[in-house]
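See the structures that follow.
What follows is a pair of complexes built around subunit A, which joins subunit B in one and subunit C in the other.
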Partner chain A sequence: MFRHTPLRIATLVLLGAAAILYGLNAEYFGLEILTEIAILAILVIALDMVAGFGGMVSLFHGALMGIGAYGFTLLATKAGVAPLPAMIGAMALGGVVGWIVGAICARTHGIYFIMATLAFGQMAYSYIFESSFFGGDDGLSGAPRLDLSGLGIDLNDSRGFAFFALALLLAAYLAAVAILRSGLGRSVTGILHSEQRMRALGLNVWRVKAAIFGLSGVLAGLAGTLAAQHIMYVSPGLLAWTVSGEALVVVILGGLGTLVGPVVGAAFFVLLKHEVSAHTTHWHLVVGVILIAVVMSRANGIFGWLEARVARWQGRTHAAKTGNLALEGDSDA
Partner chain B sequence: MTSDPGFWILQGLNALQLSMLLFLLSVGLTVIFGLMHFVNLAHGALYALGAYVAASVAAAVGYWPALIAAPLAVALVGVVLYGGLIKRMRKAGPMSQVLVTFGLIFAMLDLTRIIWGDFALGIDVPQILSGRAAFLGIEYPIYRLFIIALGGLAFVALTLVLSRTQIGAMIRAGVDNDEMAACLGINVEKLFFIVFCVGCGLAGLAGAIAAPLLSVTPDMGLQILIPTLIVIVIGGLGSLQGAIAGSLIYGFVQTFGAVLAPQLASVLIYALLAAVLVIKPAGLFPAKG
Partner chain C sequence: MLETRNLDKRFGAIHVTRDVSLKLEKGERRVILGPNGAGKTTLFNQLVGELSSDSGSIHLDGEDVTGLSVAKRARRGLSRSYQKNTLFDGLTIAENLGLAASVAQGHATSLLRDSLSRSEVRETVAEVAAQVDLAPVLDALVSEVSYGIRRQLEVGVALATRPKVILMDEPTSGVGPEMAHGFHKMLNDLPRDLTLLIIEHDMDLAFDVADTITVLNYGEVVFDGLPEAARNSAMLKEIYLGSWEDA
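So, the complex of A and B:
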């Protein structure tokens, strides 16, 4: 089960303070980066919920985000729904699709689960890519931003939108914590440790897996609605399997199954991407080498490494294990 | 159109050609998985590397040396990868392995861009393989027939090696139960190494023969990866029959889907994969019963 250690709370406070300070002082380009980080962070929180706490390594989350983005854009432009209900509708759509895919894939394990989610992701990608209803490879433009002028916030201003994205990131994080602490979240972690044992205890395993996948889909859908509002344009590229792969990389870089770690990873990843891209076009080489190094070091990402160091420093080695699952704990056993 | 027998023969050959290309790629990947339980996502990147080496060698000394140099060069890269990364990741979980090879995809994508640039390269087919052959009332490019023949030859050769030779028996024993095979005195580590390098070499060969058909670009490895994974998952990880069955299913569904139901074609194969995973999660011909 997820626990808030002092280190996790300190990291969150530090991240929040840094984001607010940066958001108040940054220029246009900095605000765009901040928004990008917030959107990616919501997506990787959703992914960590299923991959880190449920052992379901999904390559479907890029598609879930894309479904949220397309759902929002279609509802708001073609169906003429107001932006707020359109956001809620798109998140619900992400949840329903996530539940269905989770329910179908729940029978498979390990590498087969990864392949099954990959297949569904590619199915969604190809369908949207070829369908004229979804604009094909041209995508759809004209996604409106939410109107919060009643609260005195202008979302068409990049500063206003960055803080809006940050607020939703906080909400998504708190929702994920609440879900993981609920009975459902505990059952999911129980399944991760031993599916057989949970089944013997009378738990309906596939239903739990489908439920957590669906809830994760709601959050991924939220990230999608934000992405659509941010660039005001959606393209099939949002659903490509490399988006899911990149999200997985961010989760691993940050620290699988720590919830805080992936947020750190998202900030690190986006900042690094912009820094490296400014100097060289070979950004993929850098991220590839970093990924190999992180996985081979056997540390659980940046944040997992930090937690292990702090735990050792405190002389309480068992503390690292309570809320923190090593990479190896994720096998298809 | 569909009442013309020539149409069916032509599309059948197209499907067979795609199948054979995929077979060369998937057989290495699937036997590596069956033996080592290792999913090498960088297999597609090795295929792209093979295509690049072939393009360079072909430009310098001609097509036939390129066809030999590409598999050898990629097998050599396989040796380096095995010593540097794969050996150390053997005991790690599947998740770590997937991620390391995912990192390799990224790294190799940019390395090929650094070495060969961003431009698409092409290869000229030698005189004897260029042009078209006329038979059964149709005309068909000779080079594509060559691919079909090469793929068929590889299938027959691998079947004979696996079923009739001592090393084939050792590999089958290793796929079945590697610990027991080790207890019986088989050097399983050495077997892994050989299979891994041969698998890499086959990926390089696939790249070299695909290069004249498709243009050689840095992302060709990424494009072929998903079809290859679909093939081995439909066929069942670890088995030769699975690789050939999966390749044929993919080739025919994709080719005939594209001409008979273009709107559905791309979704069709993924739907098929999803159906296989739900009904027979271990694939159609799993290596272990």
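So, the complex of A and C:
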């Protein structure tokens, strides 16, 4: 079950404060990094909803983000739809495609689920790559940014766009929390713990899995609309399976099934990438070593490790206060 | 309330259930006995739909449910507990009961509200917790409670759907004599309009709880009758090699 522990709230507040301070003081390059973190964080929140809370490890989420990006760009440039309704339309498209793919893949489990989502992702990538309507491998340019000048916000300014992305990240996080705390979200968690029992209780498991995948698609689509507005250009590379793989790495690095962890993971991943790539082109090697270390440590990512340390510390403090250290030692064993 | 007609199941050359016909009236407590490998759990799996039957039919409250999925049978009032605990281990006892209640009450797919905080779900959780004696440990994580409490929760989760019929697969499996005695009392205290079909090896429980007893041997019904008749049956004594008389 998703729970907002004091540590999670404190982490969110700290991250938010750091992002705001950084956003107010950073120069162009720093603001671009901040925007990149916000977009990746939205995508990994979407992925954590299905992978961390529903046990559905998806390699389709890069494609969902790409579909959101292409949907937005096509609606805004070719159909002449204003950016705001184009964003909503692209998110809805991500939701519908997510629901369809989720509904089909929900019939499978484990490695077969992963492979089915990978296959769908590759199909989407190949189709867009080959299609002249989608601009082929050249992609599509001219994606506009939302016009918030009426509110006194200039999204063509890097700082304005970075804060816009952060605001949408907050909205995406709150939406994910609301979903995971709803009846549907509780059922998804139940399925993660025992799909057999949820079915035996009378739940239409397939329907719940498809629904959560669709909702996750809406958020991944939102990340796509932001990505398109960020660089004002979309290319098939957005749908590549490596994007899905990278998102999965970020979720595992941050802490699967914690929602806060993947946001931490996104910040860590993007900062690490930029720092290490300034010294070597082989930054993936460093990320790989860190990922292996995290997996081998058996901690649930960076945030999971932090939660475990705090829980141990709290346990010791409680045991010391109650004079029950011996018992606490027993339970550790 | 629950009726099977000529249920059959084979796994390759092995004939696991043979021509099983049962009829349970509303409120009846029937215990299914039989040696290991008699086909008891297979029969349960057929009844709830986790295994399809090769032939025969299953009727719940007059409706033929043979072709229905596990979830649809459950929604029609057929609930079960498992021999091997099948719980939501990372969640609390209250959350386990709440999930079951929210599915049964139609809140499990709602996006608008937290199903576990709904008043009707919380009421069910409190009622069931009292029925299965779990009220003092509602906030404990399942992974942190004793095996015996998990067995009680197994039954509690099945009860929280407010079913018409509960199939219990060895509810006292692995618990000590004192706790088993508590189980007998708990089962006897359940509402009398609830139909129970119980697989049990514990003869004490069988004779203490059962209105009727069915004995399966090699997948076949070899006895169907009152506990007194079962106790005096020479054939059943032979099947159970004397453990009968100890009960």
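Assorted remarks:
Throughout what follows, the second predicted complex is superposed on the first by the 315 of 333 C-alpha atoms of A that agree within 3 Å, B and C clash if a C-alpha of one lies under 4 Å from a C-alpha of the other, contacts with A are read in each partner's own complex, and residues count from 1 in each chain.
Here, a contact is a pair of C-beta atoms (placed from the backbone, for glycine too) under 8 Å apart; a residue touches a chain by one contact, two chains touch by 3 or more.
Fair warning: this is a prediction, and the values are worked out from it, not measured in the lab.
After superposition onto subunit A, the modelled positions of subunit B and subunit C are compatible, with room for both.
Once the two complexes are laid over each other on the shared chain, residue contacts for A:Y127 go to subunit B alone; subunit C is not touched. Number of subunit A residues touched is higher for B, counting subunit B against subunit C. Residue contacts after overlaying the shared chain place A:S187 against subunit C, while subunit B stays out of touching range.
With both structures placed on the common chain, the touch criterion links A:I179 to subunit C but leaves subunit B unconnected. In the superposed model, A:G202 makes contact with subunit C only, not with subunit B. In the superposition on chain A, contact is made by A:I252 with subunit B only, not with subunit C. In the overlay built on the shared chain, the residue A:V287 is in contact with subunit B alone; subunit C does not reach it.
Residue contacts after overlaying the shared chain place A:E275 against neither subunit B nor subunit C. Here subunit B and subunit C sit at a least CA-CA distance of 12 Å once the structures share a frame through chain A. Taken together, the subunit C residues at the contact with subunit A in this complex read 48, 50, 69-72, 74-75, 79-80, 82, 86-91, 95, 98-100, 102-104, 107-116, 157, 161. Against subunit A, the residues of subunit B that register as touching in their complex are 39, 85, 88-89, 92-96, 98-100, 102-111, 113-114, 222, 226, 229-230, 233, 237, 263, 266-267, 270-271, 273-274, 277-278, 281-282.
Subunit A contributes residues 1, 179, 181-184, 186-187, 189-190, 193-194, 196-205, 207-208, 211 to its touches with subunit C in the complex. The part of subunit A that touches subunit B in the complex is made up of residues 57, 104-105, 107-108, 110-112, 114-116, 118-120, 122-123, 126-127, 129-130, 241-242, 245, 248-249, 252, 282-285, 287-292, 295-296, 298, 327-328, 330-332.
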